[in-house]
Each structure stands twice: as structure tokens, then as C-alpha cells.
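The data blocks that follow each hold one structure.
In the two assemblies presented below, chain A is common to both, partnered first by chain B and then by chain C.
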Partner chain A sequence: MSSSPMECAAKVTPRPLANSIRGLSDRGIAWLFVAPTIFLLLAINIFPLIWTIYLSFTNFRANRIGREVKFIGLRNYERILSDPDIWQTMQATAHFLLWTLFFQVLIGFTLAWLINRKFKGNDMWTTIIVLPMMLSPAVVGNFWKFLYHPQTGLFNYVVQFFTGVDSSSFSMIGDVSLAPWAIVIVDTWMWTPFVMLICLAGLRSIPDYLYEAASVDRASKWRQFWTITIPMVLPFLMLAVLFRGIENFKMFDLVVQLTGGGPGSITELTSINLKREAFEKWRTGYASAYAVILFVTVFGLASIYVKALNKVKER
Partner chain B sequence: MKLTNLLALTAIALTGVSSSSAVAEDLTLCWASWDPANALVELSKDYEAKSGNTMHFEFVPWPNFADRMLNELNSGGKLCDLLIGDSQWVGGAAENGQYIKLNDFFEKEGISMDDFIPATVVGYAEWPKNTPNYWALPAYADVVGWTYRKDWFSRPELQKEFKAKYGYDLGVPSSLAHLKDIAQFFQNRKIDGKTVYGAAIYTERGSEGITMGVTNVLYNYGFEYQNPKKPYDMSGFVNSAGAVKGLEYYKDLYNTGTPPGSSDWYMSEDIDAYKSGQVAMQMNFAFVWPGMNADSNVGGDRTGYFANPPGPAGQFAQLGGQGISVVANTEHKDAALAYIKWFAQPEIQKRWTAMGGASALRAVVEDPAFPDKQPYNRAFLDSMAIVKDFWAEPSYAELLLAMQDRVHKYVIAGQGTAQEALDGLLKDWIQTFEDEGKL
Partner chain C sequence: MAEVVLENLSKSFGDTVGVEDISMRIPDGAFVVILGPTGAGKTTTLRLIAGLEAPDQGDIFINGQSVLALNPAQRDVTVVFQQYSLYPHLSVRENLAFPLRSPLLKTPQEEIDRKIKEVAEVLHIEHKLDNKAVELSGGEMQRVAIGRALVREPNIYLMDEPLSSLDAKLRAELRIELKRIHQSLGATLLYVTHDQIEAMSMATHIGVLQNGKLVQFGSPREIYNNPVSQYVAERLGSPRINVLPADLFGNAPKGAKTIGLRTEHIVLGRGVKGRVNRVEHLGDHTRLHMSLAGNDLIVVMDPHNPVSRGDTLAISPENPIYFDANGIRVL
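And now, the complex of A and B:
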């Protein structure tokens, strides 16, 4: 008579261990299994978060390990919230976030709607469209820097071709009024395909019989679009907006490669500014307070958004 | 007999093993990734041959050099035994115990700081400044200066047109005002069928670029870091009327005499612009001059060199260059010190300069034959005689980034006025020194 795997495992378990496990409840064993994960989470997520909150109330600098660390209360928070430069980076981030989301949703949904129609070469076009999002953001930032070059960049020549404006008379990344749009254009170019793919998934999940029934009821294409397509795709769109919103709030690499935050600090987004405070100026306590403020902002906005998303799904 | 031979061989082998394990060490030298670093690799082969030690090198591109190396020092890393660090790091590295103090070593080995160019000793080795406390040996003497297209400047038709327009001869600018005239003269000019521009200047925002550029003008217009009689008293010195005029000058030069798209340029972009024939003049550290001289497009007689021209308040130039230090965390302190001892020898310093380095040893640069050895040597000597350096305080990174931000916002982005930019800078610097407990 052959033994079951459980019996085999019981046989090879050392007696002292078997005795101690035998005394554990199912709940105890469950805790035993999840304990390593919880420990890791505490060590790499929760502890750094608590430590950051603690540091935010001090004058600690990571490059002066021997120096006395003083508790300074809310001074870091006061300085951040009353610093016009910080508010400027917040504005730059808001401009970048809102416009990239707007263009990516608009163009992404339009492309998805077009691709969803059956036509020859459909798959090939889908592959071509999604190519930009497969590239590294640092590479994209670098080659758009060349594309934007006033003397040799293709972008400026295209603008000259269509508008007649001299290509060397404007600099997309050197002009304070154009640079914020330069980063919006590049991010839109790179990440619109991502929004398109999510919208495409939404469009393909709509059952054909809904359109057939609407046609039988003599609903126009326009009405079908607003009463079937949009409501059915909306949860997918909102999910895409959530993903892109979170990503763009912490945007760093692409913009650093493209403009370095300049000219002046017109494209210095919060994550770039935070990195400069923390790892270039080494104002660790100040940067910790800054990080806490950003964390609370993102967490708060994301929570409100997720609640709205759930409501849309429930409808 | 056989046993005797065997014992003898064993003894020889053991001696060899023990001696090599006692002497041969692996040393890592960290520096920026640039041409002089390659020259140092070649030069160090002599040290390897003489000492039996093996040299390893860790070179980091300039834009990341400070980030990478200061992280290394701050985290107590053991990557570097020797570090050729920027002059501004010396204060922080000394106060935070990251470099080994070299006074006793210099005294023991007979290395005298009097043998080096005084400005390089103050700039690269001393902390506190102007006190005999040495943390580095001057390793690479460097300074911001200018190159110009001698072949364009000597064209009769351009000389004639320039004279008619400005009333003086086109040549090496004798003042910053003349330099701007020349830059504007060449701006958008067609030369050999190609549009060219005035000057490539430092405008980079991310690391130290625009500060290393604008200070060459600010100093000459009267900017001072602090009251010479009262340390850290900066009001009226950082934001003096002269300094404001200097900053306005730099912005005007950027707006009217530089190539389009040069809003974030530093050393390599300036080199590219000059070598590709885009600009008539180039601001850059002197380390690029050997490369310019050897370049097939612009080298030889086609390029001339000059020190930063004077302004209304005098003639100064921004100090560059670095000293070589022993990192306190090294496990090979003796071998690292031996490297510095070897490097300090006059014949090695002479060879260092010949191979593309830039010695700060007076015996090398004060050699009567030195000024005529290379076409740029005279400009180098003129420049080294007028140097000034940025803060070398432990909080230098914060001080530097504040200046980068304030100046870039005004000069490149056109935000606010020069007075507001310098007042803002003063406020930032006061805040930093208050945080440091120095104010």
C-alpha cells in the first residue's frame, strides 16, 4: 500500500518540528506562511516610510553622518509650502499631467476606434503604432533632443515646411514658452499607444449584439457611439488615465534627458526637483518632508479617483 | 644534493611569494572620463613598472562625475583609493573625514607646496583656504579661457567690415565689451556658404555649467563671494551693482551672440560647436586646447587662444582643475601615498604635461621654454595668473545648485531681472550658511 504525499512529508519532518507545528492552529500556520512576506513588506516599504516621516521633522543631511541631528518640528513643511519655486514645479507638473492625459486619451481613443474597424493591414498598423512605448524613456528623451535641435533637428524642419517659420528661429527646449509643450509632445508620442491598447481592449469587449439590437431599433451611429461605445469603454479609459496619471506624476527620466528641467526651471517636475534636493543638495530632512507631501497628494488623489472608477464600474 | 636544491628552490619560491604579496597591490584611481584621464593611464604605466602595483581606473563622464563620486565618498565606499576630485569638494571631504590629510606625508617626503602654482595650492589642496592644511596634491591645472578662429579673424574683408562698424581692429578682444562686439559681428554671418555664430558659452543647467561660465564675467564686473574682511558677509558683494551689470552682460551675450539651441551647453557641446565650424569663439576649460590644436578641421594655425578678457572691475578667470587625494577609506594607504610621491616628481610632472596633462608644478610651467612649446601655453599661463574659484565649503553643492537655478532662470529662461536673480541667490546662500550654523 503506497503512502500519500502528506504521509511522506509527515514521515520526513523532524519530530521536534512536527511537535511544535502540531500545536499550531490553522490560523497560526497561515501566519507562518505569510510572515516572510510581511517582514519584507515592513522592511522595504513600511519602515522607510515611517523613517522618511521621522526625518521630515529633522535637519538631517545624508552627507553629514557625524553631525548632530536636530528636531525642527514643522519647519521643513513650512519652508516647502511657502517656497514659490516649489509651487512652480507643482504648476509645471500639473501642466504636464493634464495636457498629456488630455492628448493621450483623445488620440489614444481615436486610434483605438479606427484600429477596431476591420481593414487590411490592421495588425501591421497596430504593431507600428505601439512601437514608441517599447523604447526606453531615456533613449526617447535623447533622440527627441536631437529632433528638436534648431539647426539640425527634423522637428524644426517639419514646422518650417508647413508654416514657413525659419527652423533656426525657435528652440523647442530652449524657449521658456515652448519647452513645457515639448515635453508634452514627446510623452504623448511615447504613451498614446498604451492608452490606445487599453481602449482597444475595451472596444473589443463590447458584444456585437448590442449594436445589432440598436440597429434594429433604428439608432443612429452617433447615438450608438454615445449610448453604447462610450459607457462600455469608460471604465477602461479611466483605468488608462489612472495608470498614466500616476506614471506622469512621478515622471523623471524622459524629461531629465530631454530638457534637464530647463530652461530655468520651467520643466522641472516635482520628481526632478525632489531628486535635486535629496541627492544633489543633500537636504535629506527637507527632501523627506517634500516626499511626504507628494505621497499624501498622490495617495489622496488616487483614492478619490479609484472610488469614482468603482462607481462607474458598478453602473 | 637533490634535497639541498629542493630546499633552496622552496626558499626562493617562498621569498618570492612573500615579497610579492607584501608589495604588489591593486590601486584604484577615480577621476572624470576625459582626454587627460587617458593620458594618466599611459603615464601610470611607469608607476606600475617601478612599484609592481597594479593600477585600475574608474572614470565617470563629467555630467555624472560629482554625483557618482560624492555618493561614493558620502556612503563610505571603498571603490577609490585615490581620487582626483573637483576643487570645490575639498572643504566637505576634509571636514567629513573623507580625505587623508597630507601634511605629515609631504613633510616626510620633502614635497613642498611652494613648488606648485600658488592658486592651485589654495584651490585644490587647502582647507580651510589660505591655511597650510593640505588634503590633495595639485594634479591638473585648469582654467576657463577662450579659443577663436584665427583664420576667420584674419580675413581682410571681415577685418575691413569690422573696423568700419566698430572703429577698432578685429583681433583678440581686449575687454569683455569687445568680446561681445565680436560675437555679435559673427552672429548669423555667412562664411564659406555656411551660417556661423558668435560664441559657444556655458549655459548648462544640471550640474555646474552656467556657473562656471557666468562667473568669468561676474568677477570682472565686481562680483565677490563675500566681504574680504568679514567672512560670510555677502550682502552688497554677491548682488553689487557691478555684479548685476555682469549678469546682464552674460544674458545679452547669450541672446545676441550664441548659436540657436545652445540653452544647455557645457564643455562637450562647446567643443562640438567649435570643431564643426559653427562658432567664431569658444569659452572652455584649457584642457580642451590640445585637442583643438590637433583637430583636422580647426587646429594648427586656424585657432588662437586667449585668457578671459578684463571687465570694468578687473581681469579674472574661473579656476578649474583638480588635486589628487587619498580617500580615507582606502585599504591601500601606503601604496596610494607612494603613487602621489611618484606623481609629484618633477620628471613625471614634465612627462605628464607632455602627454596631455597639465602640471601645476612651477618647475614645469616656469621653464623659460614652456610658453613657446605649444601655441596655447602662453594663454594658459596668463589665465592661471588671474584665477578665482567658487565656494569650496562643505555645503558647496547646495551653494552651486542655488546659483545654477538663479542664473539659468534669468539668463536662459528670461525670468525676472538680474537684480532679482542675484538678490535671490544671496537669500539662498544666507539660508544655506544659516543652516550650517555659520551665520
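And now, the complex of A and C:
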């Protein structure tokens, strides 16, 4: 007599495991599967977060392990919020964040709108446009440093070609007024394709028949753009802004390679500044408080933004 | 309202023929129904008139003027698409107002409100006016789509199977409503469907398409009584015309291969005997599914007849329609 599939499965399952599983409830087996993930999450996310919050109330320095750790209450937070250098860093981050988002949305959407049109070589152009985003930020930072070089860099020559300004008369990463724009340009060059791809997904989700209905309803191209294209792409666009906003708030590698936070500390973004406090000055407690402030800021802003995004989606 | 003339219109999509050499005159104020199975070219004809496709050959005239160079907005037509085609992020009210807000019309707000109210009442969607389009059921969406066409007074209303997604009750109501709107507005309508009840109940003219070609154009009665081919005969009539070998009853004209018998062409009680296989009591009438010398046919009887499954009935034709081997009518 042939045995059932269940019996076959029981035969090939090693006996001790079969015995131990037999005694478990469905809930128990579910926990068994989820436990490794929960353990990892606790170990590498939740515990460090709680530990950082704890350290932020102390004067702990990671380079002086044996020293007594004192609980100092909110003093770290007071110092950070009253430190003009940190506010300067915040300002640099805000400048970087807002302008990169502005240019990436503007250029990304325009490129998506152009690529969405049916023309020959459409796929080839899409591939070329998305290339920068596939490179490593460290590599991008390095080669833009060469491009920005006042004597040998291509960027300065291009500026000279279009504006007539002498190429050796300015240095994008050496000039206090130009360096913040230098990092904006590079980040925009690298990440605009990402915004373009998300916008393209949005544009391609709009069915053609809506435009046909609108053209029959005598809506001009301009009205179709504002009443169909923009409202229907907006949730996608907002999602792209959320991703890029969070990424740029914690921007580190590209800027470190490009300017190292200089000249002076004019392009020292919060994450670079934080790393300096934590691993160059070894003010671990202070840096922990700094990290908590940044975390709360990003989390708060992102939460408000996600609520707005959901409202737009519901509209 | 306008007269629309199609002149030798052809359109292909690669190797696929959409429509081929269609000529048709849609008189001012006519309700023209285009009948045909899927792929016959019905929607393509409608899209060509709307200006959503450009013909490969031929011309389209609205009120005597060629409109080939005009875009859909300039042609002043409305289209109800088969798929609902509502603006999903707008409310029902905004969807209905959309065509009226065209800068070409400059409709005052009071006028827009009045028209929306009127159309919403006709289509029973007054209570849904402030809902988002995506929150509606399929039937409601299609009613809004029809409403968006009705708020305007265009040269011609083009409708692509607008009632196909509605339930039977609403479909019957809207058939009457569309016919009423047509009569009261004197509107010119081109209506695409494969539902012969819609065609017969609403049309002033019917055009039958076969593989992109217009095979017959005329009044519903004319198409029903005098079809030019078996294909046309099968498009109208419920139950569908019975097609049997021409020599089954004798006296077939020369060249006839098949005999077409609509239920009113069948006289019971004399002639060739057949067996009743199934009896369908449909309330106001009864359908008998019979086999006659190995051929299936359907006969309609009054609802209270005593015939039951297994009975034998004699049948003979009266004023039948004959077709040749190519399905062309033999007179």
C-alpha cells in the first residue's frame, strides 16, 4: 500500500527534530521562525538606540574606558543647542538639503517628462541618464574633485566657455561662497536620475485614455498637465523627496571625499560634524546627545511628511 | 447637432486592419448604432470620428466640413469610453464640471451647477456628487462618464459600449433615458455596441461591421427583415436566427445553401418533424430547443403551451431567408 505524502515527509524528517517540532503549537513554530530576526533587530538597532540615549546623559568618552562615567542630566543637550558651530552645521545641512531637493525634483521631473515621450533611442537615453546613480559616492566625490580643479578641471573650463569667466579665477571647492554649491551640484548630478525614475513610474501609471478623455473635453495641454499629470504624479514625487531628504540629511561619504567639510567648516554637514565629535574628539556622551537630536529631527520631520503624503494619496 | 459623413475611411495598425473603406452618412439628429463582434472595427470608427486616431485614407465631414486637420477639442464631440475614463483624483462633481470649465466654453458657475444637478438627477448619482471617482462602483463610474458627455451639447455624442458594465435594470433604465435625451435634444449619436437589444430599441439607423468593413447600413427594421448576409442576420434577433440546410424543407431557390429561420418564420403543426430537447419557460414566452434531422433550432411559443421534453413537433418555414455558400442572401 502506498503511503501518503505526509507519511513520506515524516519518514525523511530526522527523528529528534520531528519529535521536538511535534510538541510545538503553531504559535510556537511562528515564534521560532521570527526569533532570529527579532534578536538581530534588538541587537543591532534597538539596543544601540537605547544605549545611545543612555550615554547622551553622561560624560562618557570611548577613548577613556576605565574612567568613571558621570550622569550629567541634560547638560550635553544644553551645550549642543547653544553651540553656534552646531547651528552653523545645521544651516549648512539645511542649505544642502533644500537646494538638492529643489534641483533634483525640478530636473528629475523634467527629464522623466521628456523620457516618457515616445521617441527613438528612449531606452538608451534612460540608461545613460541613470548611470551616475550607479557609481559609488566615494568615487563620485573623488572624480568631481578633479573636475572642480581650477587649473585642470573640466568644470571650470565649461563655466569659462559659457560665461567668459576666467577658469583659474575661481575654485569651486576652495571658495567659501562656492563650496556649498559645489556639493549641491555633485549630489544633484548623482541623484537626479533616482528622482527621474520614480517620476517616470508615476507618469507611466497614468493611462492614456485619461489624456484622450481630457482632449475630447477640450482641455488644453497646459490644463491636462496641471489637472491630470501633476496630481497623479505628486504622490510619487513626494515619495522621491522623502527618500532623498532622509538620505541627504545623513550625507557623509560624498562630501567627505569632495571637500572634507571645508573650506573651514563651511560644508561640514551634521553627520560629518557628528563623526568628528564622536571619533576625533572622542566626546562620546556629547556625540550621543547630538545623534539623538538628529534622530528626533529626522523622525519628526519624516512623520509629518508621511502624514502629508498619505493625505495627498487619499485626495 | 450635426450631420457626420465618413468617406472611404481606412485605418490599419501595422498588419491589422482596423477599418477598411467605410463610407457612411450619419444624418443630423440620428441615433446610429454600430454593431459588430469584437475586432470588427467599431471602436476604431468612433475614435476616427473623435480625432483620437488619424485615418490612413478617406475623409470625415462634420456639418459639411472636413475635420481631418482638427483635433478632438476643435471637432466638438464628446466620447463615452468603454473603460470609465474618469479623473480619479477628482470628485464626481468636478468630473462632471471638467468639460464645462474648458476656456473654449466659458460656462458661468451657475450654469455649471445647474447642468450638473440636471445630469446627476437623470443618472441617479445626486447622492454621489461629492464622492471621489475612485470610491464609486463600476456602474456608478460609467454613469458619471455618461454624465460628463451629457453636460455638453456637442456636434455628436460618441458612445463606446457605455452600458456594458451596468446591471440589467439600470441598463434598461438608461436605454430609455438615452433615447429620451436623443429625442428631446435632437442630438446626433453614434453608439457602439454588440448588444442587439440596445441596437433595436434605440437606433434610428444601424451599421453592421464585419472585419473592418461596413456590410449593411439602414433602419433597424430594414436590417432585421432584409439582411444582406447570414452574418448580418445573426447580429440581430433574439433568439438568434436558426440556420439550417436549405434543402431540409424543399423548394429552396437556386444557389441557396442554407435557410435562415427567425422564430416568426416558423409555423408549427405541419412539415418536417423534430424532437423537443429542452423547454425554457421565460415568463412571457417559452423557448423550445429542438433537433430537426440532426440540426439544432430554437422555436418560441406562448408561455402556457403544454409541450414538454421529448415531444415531437412538425415545423415548416414561412417567408424564410436563404443564403448561398458564402453566406450572401439569395433573393
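Just so we're on the same page, the second predicted complex is superposed on the first by the 285 of 315 C-alpha atoms of A that agree within 3 Å, B and C clash if a C-alpha of one lies under 4 Å from a C-alpha of the other, contacts with A are read in each partner's own complex, and residues count from 1 in each chain.
Rule of thumb we're sticking to: contacts are C-beta pairs under 8 Å (C-beta built on N, C-alpha and C of every residue); 3 or more make two chains touch, one makes a residue touch a chain.
Because the structure is a prediction, the values reported are computed rather than measured.
S.K.: Overlaying on chain A: chain B and chain C, fit or clash?
M.R.: Partners fit side by side after overlay.
S.K.: Quick one: classify A:48 as touching chain B (first), chain C (second), both or neither.
M.R.: Once the two structures are laid over each other on A, A:48 reaches no partner at all.
S.K.: I want to verify the contact counts: of chain B and chain C, which reaches more residues of chain A?
M.R.: B
S.K.: Now for A:261: first (chain B), second (chain C), both, or neither, which partner does it touch?
M.R.: In the superposition, A:261 contacts chain B only.
S.K.: Could you tell me if A:300 is touching chain B, chain C, both of them or neither one (first, second, both, neither)?
M.R.: A:300 contacts neither chain B nor chain C.
S.K.: Contacts for A:231 in the overlay, against chain B (first) and chain C (second): which applies, first, second, both or neither?
M.R.: So A:231 only meets chain C here.
S.K.: Touching A:63 in the superposition: chain B (first), chain C (second), both, neither?
M.R.: A:63 contacts chain B only, not chain C.
S.K.: From the overlay on chain A, compute the angle at chain A's CA centre subtended by chain B and chain C, rounding to the nearest 10 degrees.
M.R.: 160
S.K.: Would you check which partner chain A:218 touches, where first means chain B only, second means chain C only, and both and neither mean what they say?
M.R.: The second partner, chain C, only.
S.K.: Closest Cα approach between chain B and chain C after superposing, in Å?
M.R.: 51 Å.
S.K.: Under the contact definition given at the top, report the residues of chain A touching chain B in one complex and chain C in the other.
M.R.: none
S.K.: Please name which positions on chain B make contact with chain A in the complex.
M.R.: For chain B paired with chain A, touching residues are 67, 70-71, 74, 92, 96-97, 195, 204-206, 259-264, 278, 394, 397-398, 401, 405, 408-410, 412-415, 435.
S.K.: Considering only the defined contacts, which chain A positions touch chain C in the complex?
M.R.: 207, 209-210, 212-220, 223, 227-228, 231-232, 315
S.K.: Touching residues of chain A toward chain B in the complex: what are they?
M.R.: Those in contact with chain B are residues 59, 62-66, 85, 148-151, 153, 168-171, 173-174, 176, 256, 259-266, 276, 279-283.
S.K.: Okay, in this complex, where on chain C does chain A touch?
M.R.: 50, 52, 71-73, 76-79, 81, 83, 85, 87-90, 98-99, 102-105, 132, 148
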